[in-house]
Amino acid sequence: MRNQIASALSDFFFEYETPRQVLVRNRRVGVVCRLIQLGVLVYIIGWVFIYEKGYQSTDTAVSSVFTKMKGVGYTNVSGKETVWDVADYVFPSQGDPSFVVMTNYIITEGQEMGKCPELSGKHSCTSNNDCIGGSFKRTGNGQMTGVCVKTTNTCEVLGWCPVEDDRTIPNPPLLMSAENYTLFIKNSVTFPLFGVTRSNLVEGIDANYISKCLYHPTKAPLCPIFRLGDIVELSGFSFEKLAREGGAIGIVVDWTCNLDVHEKHCKPEYNFHGLYGNPGDPDSTSASIGYNFRYAKHYMENNVAKRTLLKVFGIRFDIIVQSLARQFDIIPTLTAIGSGVGIFGVATVVCDLVLLYLLPKREFYKNMKFKYTDTQTQDPDSEAGSTETEKGSGSKQACVRAL
Amino acid sequence: MRNQIASALSDFFFEYETPRQVLVRNRRVGVVCRLIQLGVLVYIIGWVFIYEKGYQSTDTAVSSVFTKMKGVGYTNVSGKETVWDVADYVFPSQGDPSFVVMTNYIITEGQEMGKCPELSGKHSCTSNNDCIGGSFKRTGNGQMTGVCVKTTNTCEVLGWCPVEDDRTIPNPPLLMSAENYTLFIKNSVTFPLFGVTRSNLVEGIDANYISKCLYHPTKAPLCPIFRLGDIVELSGFSFEKLAREGGAIGIVVDWTCNLDVHEKHCKPEYNFHGLYGNPGDPDSTSASIGYNFRYAKHYMENNVAKRTLLKVFGIRFDIIVQSLARQFDIIPTLTAIGSGVGIFGVATVVCDLVLLYLLPKREFYKNMKFKYTDTQTQDPDSEAGSTETEKGSGSKQACVRAL
Amino acid sequence: MRNQIASALSDFFFEYETPRQVLVRNRRVGVVCRLIQLGVLVYIIGWVFIYEKGYQSTDTAVSSVFTKMKGVGYTNVSGKETVWDVADYVFPSQGDPSFVVMTNYIITEGQEMGKCPELSGKHSCTSNNDCIGGSFKRTGNGQMTGVCVKTTNTCEVLGWCPVEDDRTIPNPPLLMSAENYTLFIKNSVTFPLFGVTRSNLVEGIDANYISKCLYHPTKAPLCPIFRLGDIVELSGFSFEKLAREGGAIGIVVDWTCNLDVHEKHCKPEYNFHGLYGNPGDPDSTSASIGYNFRYAKHYMENNVAKRTLLKVFGIRFDIIVQSLARQFDIIPTLTAIGSGVGIFGVATVVCDLVLLYLLPKREFYKNMKFKYTDTQTQDPDSEAGSTETEKGSGSKQACVRAL
């Protein structure tokens, strides 16, 4: 018994199986098949490996962004000069990757809780019946008291009075000077799969360079300081138009890295595009243009709670980090090779179909390729020999069939 | 030499190799193998290709979201009527994808820096020894002065006085009217791999439609305006319960797109679910229910810095964008085909095992399939002929062995 | 006709094709090939399946995070005692995953709109010509009036006056007590592909445990309450140094889950690391150290709009959720098997090359493996027989060639 196993094992280890093949010497089939195989080979090596880098595995990054604005704005509304600094025009103030820079506003000062009519033109009424006391209108400014005010023909509401008058948006935008503000972006990305951490302050971008540089797509593509006017222009919008009614700009920091080369070549690229509609697109203004929000500063005056309401029109900047790192990995490599071999198998099947069904000499090739076992006509006792040899009518015929 | 290479090349190009095969005419093996092969084929075509769309590559989106609330709230606390508008009840105000709508609050007005005892019931003490001067308690309101106040039996602290009394949460919630607020979601997604950008204001969702519509799961599934009460209800919670103590709701904008059809079919789906515990789940209240935070409005009164402290209970909404786009790609297609061919190979191996080890006529098939080279017994000079022909004892035997 | 189709179908179903193979009994080739095949097998089973878990598909999570700080800070600046609670030192207040804890500040109280010179040392001038009226300097505090103030040798600006003096950063940091603040993290992750939702309040982390526990890397690795001092220390920084000038710490919540086991084993791991530069790295201070932002509290005093400006130095915490769940999936399993079979095919090709080109008896094996069709010399009328049998010069020769 042990001998048997040992012999089976030695058989297994000292033997090698390889498929028997027919070498068809036919120009048409040869050329067709070699071309198909060459195509598959070019596809696997050229496309999968070289072009699509199929020998690499990929990873996206976890990232952290913070931002800092610099610059001072100035407004002169009916002789009242005001200077706006970063604590006043950035929302929120703590340097989030998504923030709003105020470029225009409608200010309503000294609001206090009380009763006043809605703006004329909106929520108009003809009699008290149009103003159901205690109810709200979705776009109203307070709770209706049930009174229709004759002078404005609008419902009276309980709320912060006087109500905001946002019927006219200042034009040109009050804070056109926002164009010259600068934005500093600090971005760190980590590719957990490869254990690589990179910052957008790459090699060569030191404190000295940052203090002087300004981003330019070709001249200073790695400078992390951006002029707002440049950003808006690069995204294809007109700053004045965007500043007037507000809008949203995406700043894409693109980390597409091949980590098979030294990681110092892994550098960010900055792209800018409008979110929600492109500048040239006629549909872009079809729905919900502009960007604004309301913001209140509360204070006490003579023991009365008051607030200053700002309807802020601004440019919302979203720093979007997009990342894709690639590095050589044995598994995708071998998977690509393995499935490439499989596709070679498909090529063989296609060639066989040509050989066996399309060529004039297909019957001949069929006989070359296949050996038939006619077990139906076979002597059931015979196990060791083939049908033909059992019939044994002549060695020549046996060989013919055997092929 | 050149001729030799040319001849080798022409041999290579005009020749074609195809494996020789045995066609076994055996019903059992035939049926078993065809069924196995059919199974593999059904798996590859039916499952990998049709069901799992294995011919497509996938991509997730980078996205940008902003939100806008509308609606007015009203509270009447001990006769004091207050109206709350969007500048007062949304945190933060600038329309972030993650924000809080205040639904209940505990207000502590007129706090100023000073010394006062902690709330009775919390941080109780019996003597000054229980209140170590200059130290802090983790949940305390200030720095202990080292005095135990007799009237309240609590430590005296230096801090904003009077301390907040949050022992009773208003019930019903003060801002139940929040149920009728509406939320407008603007979401833009970009699939960088496919260069496709979509907005949730899809074709047909124009300014006119938005001004009138309200989201409904079946009647208006694409309307980007949501009533808060509906959102909470669709996520399975009771609005009043959530409004009282606060909670967190995830609004999932699901972009599952097949970009092989026109991109106009790439539309968002909105889903709503509670974060941190489900409504029906008994475990959900086991740890840290509710959602609240403290917020202060600072002001000066008679040259004294004061503040109004709000403990805000609210519903936190997280807009979560989930995206998966698919598009035909040659590489996953050929990888799937290639590995499918590989699995076909496995099927062949299985059938061979059946054929060679399980069938009664296995020896016969073994002889059909394999040709043995007994090189040990072979004349070492012979290179061109096979063992059998060298022995040449008879053509019949030669053929038998050769098969 | 119908019979023909039926017969073709029955032929197809009752037949089975299997490749014919040569069993080479050669120790060298056998051992080499078996070793190659064994290597491939070990790679596929050991590496792809067991080590890299290639039988599983993967998914990343959509997640939601909120945070809550607890603790009280105390400052004593020139005898003025102030207590800072969570409403004062956290920005923003509503519990975002990315927030700033103030640890140091420069306060400028009572600013109002007016004209005043810039700080001496910055923006210095020698004559009015250095101060172009109506223009701005990028790092200036307002709009230049065109006057060079003699006393400070700096340009006069219109802006919030007096201007902030941030030339000296308080040392030691004013709010060193921030070290003892605690941070509570609530995190929920959903793996959409597998339909699994998990919270960092896993089984066993109930309200009772939370009320007492404090995170420790080994003793309490699942406690979601963190002491700021511990976080900073675990990320390798000195708290005092970071607190003075500010910095950014990433708190990575790592969900690496094998969902083939019960989902209760899917637990978070917390890691801490500095963003933008590591503590020991000499380059880390090369560009833009520290983290600060400006924040203003506006108020009215005697009908004059004033503000208190805070330059906030703080530690920015980014809660970064990193997730990777794996679960058995039939498609990657079969793809791995399929491409593994393909690689087996490569092994066979390599062995064949050895067999056919390197062995001394290569010609013999070539004859064993290949059958040649010399169609050029063949009688064109013959379709059923092979070349050799047509020539029919002798059965021995026929068999030789046929092999």
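To keep things simple, chains are lettered A, B and C as they appear, and every chain counts its residues starting from 1.
Assume a residue touches a chain if its C-beta (ideal position, glycine included) is under 8 Å from a C-beta of that chain, and two chains touch if they have at least 3 such contacts.
Just so you know, these numbers come straight off a predicted model, no measurement behind them.
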Rigid-body rotation angle, subunit C and subunit A, from Cα fit (steps of 5°): 120
Same-site or different-site touching of subunit B by its copy subunit C, using the half cut: different
Chain centre separation in whole Å, for subunit C relative to subunit B (CA means): 15
For subunit C, residues contacting two or more additional chains: 17, 19-26, 92, 299, 335-336, 338-342, 345, 368, 370-371, 395, 399, 402
Subunit C-touching residues of subunit B, taken from the complex the two chains share: 17, 19-27, 29-31, 33-34, 43, 47-48, 52, 54, 91-92, 98-100, 113, 136, 138-143, 157-160, 248, 250, 252, 275-277, 286-288, 291, 293-296, 298-300, 303, 307, 309, 312, 316, 318, 320, 322, 335-336, 338-343, 345-346, 348, 351-352, 355, 368-376, 378, 382-386, 388-389, 392, 395, 398-399, 402
Contact set on subunit B toward subunit A in their complex: 12-26, 62, 64, 66, 68, 70-72, 74, 81-83, 85-88, 92-97, 177, 180, 182, 184, 186, 188, 192, 199, 201, 205-207, 210, 297, 299, 301, 306, 308, 330-331, 334-342, 344-345, 361, 363-365, 367-368, 370-371, 394-396, 399-400, 402-403
